[in-house]
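Quick heads-up: structures coming right below.
Two complexes come next, and they have one chain in common, subunit A, joined by subunit B in the first and subunit C in the second.
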Partner chain A sequence: MSMTDLYNITLMQGFAGLSLFSVLLLMGLGLAIIFGQMGVINMAHGEFMAIGAYTVYLSSVLAERFVPGFVQAYFPFAILLAFMVAFAVGWLAEWALIRHLYKRPLDTLLATWGLSLGMQQVFRSTFGPKEVSPTLPDWLMGSWSPSEGLDIPINGLFVMALTLLVTGLVMLALYRSSWGLKVRATVANRPMANATGINTRRTDRVTFAIGCGIAGIAGAAFTTIGSTGPTSGSLYIVDAFLVVTFGGAASLLGTVASAFGIAQTQSITEFFLDGSMARVLTLLTVVVILMIRPQGLFAARIRK
Partner chain B sequence: MSEHDPSDPISLHRRRLLQGMAVLPFTGLPGLSFGAAPPTAKVNTTGLAVTDTTVTVGQLHSATGTMAISETGSIQAEQLAIDQINAMGGVLGRQIKVIKEDGASDWPTFAEKARKLLVNDKVGTVFGCWTSASRKAVLPVFEKENGMLYYPTFYEGLEQSKNVIYTGQEATQQIIWGLDWANQTKKAKTFFLIGSDYIWPRTSNKIARKHIEQHLKGLVVGEEYYPLGHTNFNSLINKIKLRKPDCIYAVVVGGSNVSFYKQLKAAGITSAKQFLLTISVTEDELLGIGGENADGFYACMKYFQSLNNPNNAAFVKAFKAKYGPKAVIGDVTQAAYLGPWLWKAACEKAGSFDIDKIAAASPGIELKTAPEGYVKIHPNHHLWSKARIGQIQKDGQFKVVAESPSLIEPDPFPKGYQ
Partner chain C sequence: MNNAFLTWFRTRGLFSWLALAVVLLVLFPLLLDSFRLGLVGKYMTYGFVAIGLVMLWGYGGVLSLGQGVFFGLGGYAMAMFLKLEASDPESTKIQSTPGIPDFMDWNQLTALPAWWEPFQYLPVALLGVIVVPTLLAFVIGYALFKRRVGGVYFAIITQAIALILTVLIIGQQGYTGGVNGITDLKTLLGWDIRTDSAKLVLYYVCAILLLLAILGCGWIQRSKLGTLLLAMRDKEDRVRFSGYDVAMFKTFVFCLSAMLAGIGGALFTLQVGFMSPSFVGIVPSIEMVIFAAVGGRMSLVGAVFGALLVNFGKTYFSESFPDLWLFLMAALFIGVVLAFPNGLAGLIDSHIKPWLARWRTAKAAAPMAPADPAPPPVPAAAAQPPEPSLPAHLAQEKT
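Up next is the complex of A and B:
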């Protein structure tokens, strides 16, 4: 074992942590918007991710069948499409279900859980019970090796770049756009926001749909690292909630910090211990910190 | 109906018929299934659901829930075998009727449905279960109500029951010969064992470790388990790079498989640089993983869809005719297909549908028509079968590169491996 080897592995391990960080952040982002800004506990978040993943799968099948020349290029378009489909379904779900329950936050938990079960069955009936993977363009697979023995996964880089982009856009939209202003006003004081002429119902609907759309992007991105099945969503939901609650519900910055903390703890302990042990230690750490700081890492400063 | 005309569109059934007849001389009761059906009172003394023209059996798998991914193939294969048996006259002159129950990937549900099949429906036998957890859940029911279960999955061993016929490999059959092959052909001395965190991978790796350390005089440089459904293997991959094993021995199951192989490839660990042997990837898993993400790696199984023999050619053709040209057949699917044929042979050898007589008649039963080649039931109710090494191809199929020279004896309680 030479020094270069150790150096390379340290670098790659650092990258593994960062890559897990972007995965967790992308997972939690949509949920943070919906849960943090609206107080709706969206148990169907994982299924909206699955919608994104299945959209990519469908696009890949269609591209292969009808425009084989397009297979190398369809992926970015499929991600956009995943956002749009998840956005549309989210819009519909808000209209049909969520808007009737805003005054009963715990009931949204039940309603969205029911929604998630229904969506799983729809996936199962449409795509079958087996797990599927889209055909990915060649440029997404494989590794980038700047030097001998150092391999940086390209799909990891891709997810990282996408996470940066999406997080940047969300921050920008929330703090610099008129929609963001309306959302923040609604969160801070709904009756007052109403009184100033903000259509809070419309704001809610757009916010929910955007949260779902981002979940769709996350699901689309994860097709590069895993497979998609009818119940894939339920695998993601625990991690997504972990990130959001740990970060502090109403704070996007908190979500970023918590994703970073959890990812680093997980990947470092995973390297020195074994996968199941690492999971136990990470969860224990989160539980202990939440016991000391129940509001999460970053709490929104709102006058009660 | 015994003329064989290959140009005839229904010749497939006829070929099956001929193959089925080939079994008869070994059952000791030639011709019974074609003559007049023996009287019901004689073949059914314990009140099973047998009439003068039909016999009812149960099928108990997960058609819904997480395990539906894996169990669908078994459901299809058992149905195919039953259809073929019915087309050639049934069992003891009786057509097989199937009652399908859904275990819904939930182990108590499996136990409840098993009781329903045995107590209310009085089925002659049950083909079913997939995970060890579901088998463990139904086992007490089958033993108490004295039913018969044909169980298709390769599993961890350490079990034997009068009421179960295990048509898949138990752990030693799948592991030991494969490791010997890795040691001799690939000169593998150091191994990194990886598994999903539950009983089958842990038991399998325990056997593998004993064999590597005691018999191959090799070294296990790592043994790691990850929760079911785990999707992030980057840290593990770095550990593999640090320890540089000759062989990665992978017992990862379910959706985790897909992440594992995609990330291996993304980290530059391909078959050109690294030898990997798995006992948990079949054609079914490759559908999800994608052949291009794992090509060149090896799997040790008893059956691959690409096996080149006339039995398998007929089986694959019939399977695709029934379930579509894109259907793939994995190891467990083939093992599930054996169930109805072995039960038929046992009934005919015993001349009865009675559970006790079938259990007693089963040891020694041979199946020369098995797609995997030739199998025989051992007195411990497992199958003698061969082990094979397949190399993963880009199209999601395996190329068979090695085969054990003889049938491997099932040994569910291996001495020195526990």
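Up next is the complex of A and C:
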């Protein structure tokens, strides 16, 4: 093995880690808002991602059937649509279910688990039990090889770029917009936020819906990597929660850092061990660190 | 004397226990054929988990989403013993290495792993059923409760542990049997556990152990420890400031629930004849919570009925209307949280019991009441619906 081979392997390995990092981060972002900021345990988070994925699938089928010329360009619009659909369903879920349970976090957990089961069955009845994947535009396929022996998959790059974009937008929205100010005020001190004239109930609903919408974007992005089945949402849920908890629940920066840490640990151990052992080792590391440092990596200082 | 006995009986909630005993020990064996009775026996093993959750969640206020881990560990400890007995050199002589379990042979293992060795002996295996889950619960509980992790974070971490164990079992096929689990279990010390008569014996063993476990947990609930658990659930800091070591009490109740789940798992293996990772992971673990929630998170007997009912429903619906089952399950989860947080037992306390009491007083008033010194039972739970989650004996003291 020559030096360039080693160099290429390191580079590709690094890219695999970064790719996993963006997947985890995209998964955790919506939850960082819903669970991290609002403290709602949304066990149906994975199903909101599945909504996004199915929306993309549906738009690809529609685009193929009715406007074949549009197939190359539908994808960005489908992502936007995925956000909107997941946003709407999230809005509905908050109105019907979550708002009654803000004071009972453990019960929220059970209720949203029930919601996730119901949604899974809806997916199964509508789209069938088989896994589906949308027809991807050509520009998302294949790989990019900047030099000999170096292959970087384009869908990985795409997810990465999307993650950067969404993370930037969320940061901007949370720390520079009036909505973000309201959210942070509500998190910090609800009665006081109410007293200053913030409609905290409305803020809650919008916040929950935006978190769900971001989950929808995540699900839409993941269609470029894998296929979607009725139960694929449930595969993500533990990872998503661990990313957010490990980062320190109320800190967005912590979510980024923990997604990075978990992804790197996973991809490096995967290089030496087989996949399942690498996963066990990574999860175990996270759990042990959480046992030693329950507040997560970045503890937010909030007066309780 | 008779009335004193009755009051003693009632304050300990023994009537419902007696009802459960009659149903499990007399009614079901008489009414059901051996196949259905076997199913009930299987469901009863979930009853162990459910009463563990009543202690941990209803009384301790700690929700664990990892009870499947303990159920699985108990079940696997039992299955390992049975598997070793089933794979003696004589019956496995076609393997390339006779005398080791078949799945090890398929995975090119040539010797029994060292940590399997102790499970050749029944006492060790039985000890393992109890000790392994309890020990794991102790480590997890001690580490987390000492750092005052509770509520949501505890739930998420236990859920992650359930995932870890599942991935580990599935990944280490050669040592654990992988996704198929440990199958083809035949005999227990030479006694064939697959015959109908053996199943009946196991059913009774399971039922009696379950009833004993309920008595034991009921005893804990009425002891000072039970009161402390409730106090901790409602005002943890006050209990801590009174000088109690809150973390150790929580760890204790977590260990108790793990031990019960482990026993349930072992009995499951014995009755069903195999153990697989599909009883360990996230989904079964959270389903176990719904058993307790449907039956009533404050009622031991209710939780057992919850486990039986939900599983009956699951078997029936997933056979007859597979599409409806998940919707029904979703409705159960949401309904139990929004509409009746104390489950079936709570419904009985708030609706049936007051009605019964009214009926009884009406009957006593109409014909010149014969000396009936039994105090007109105050509908304790109905009197204070905002705080319904106090057990009967404490609620009565309050009124």
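The definition used in the following text is that the second predicted complex is superposed on the first by the 304 of 304 C-alpha atoms of A that agree within 3 Å, B and C clash if a C-alpha of one lies under 4 Å from a C-alpha of the other, contacts with A are read in each partner's own complex, and residues count from 1 in each chain.
By definition in this document, a contact is a pair of C-beta atoms (placed from the backbone, for glycine too) under 8 Å apart; a residue touches a chain by one contact, two chains touch by 3 or more.
Here the structure is a predicted model, which is why all the values come from computation and not from measurement.
With both structures placed on the common chain, the touch criterion links A:165 to neither subunit B nor subunit C. Of the two partner chains placed around the shared chain by superposition, subunit C is the only one that A:101 touches, whereas subunit B remains out of contact.
By the touch criterion stated above, A:135 is placed in contact with subunit B alone, subunit C being left untouched. Using the contact criterion defined above for the overlaid structures, shared-chain residue A:226 touches subunit B, although it does not reach subunit C. When both complexes are overlaid on chain A, the residue A:92 reaches neither subunit B nor subunit C. Contact with neither subunit B nor subunit C is seen for A:73 once the two complexes are overlaid on the shared chain. By the touch criterion defined above, A:276 reaches both subunit B and subunit C. Residues 124, 274-276, 279 of subunit A contact both subunit B in one complex and subunit C in the other. The part of subunit C that touches subunit A in the complex is made up of residues 63, 65, 140, 143-144, 147-149, 151-153, 155-157, 159-161, 163-164, 167-168, 170-172, 282-283, 286, 289-290, 293, 323, 326-327, 329-334, 336-338, 341. Contact residues on subunit B toward subunit A in their complex (touch as defined above): 64-66, 68-69, 72, 197, 224-227, 229-232, 234-239, 241-242, 255, 258-259, 262-263, 265-268, 284, 287-290, 292-293. Residues 39, 41, 97, 100-101, 104-111, 113-118, 120-121, 124-125, 234, 237-238, 241-242, 245, 274-277, 279-280, 283-284, 286-287, 290-292, 294 of subunit A touch subunit C in their complex. Per the touch definition, subunit A reaches subunit B in the complex via residues 1, 5, 8-9, 12-13, 15-16, 19-20, 23, 124, 129-133, 135, 141-143, 145, 149, 151, 153-156, 222, 224-227, 229, 231-232, 235, 266-267, 270-271, 274-276, 278-279.
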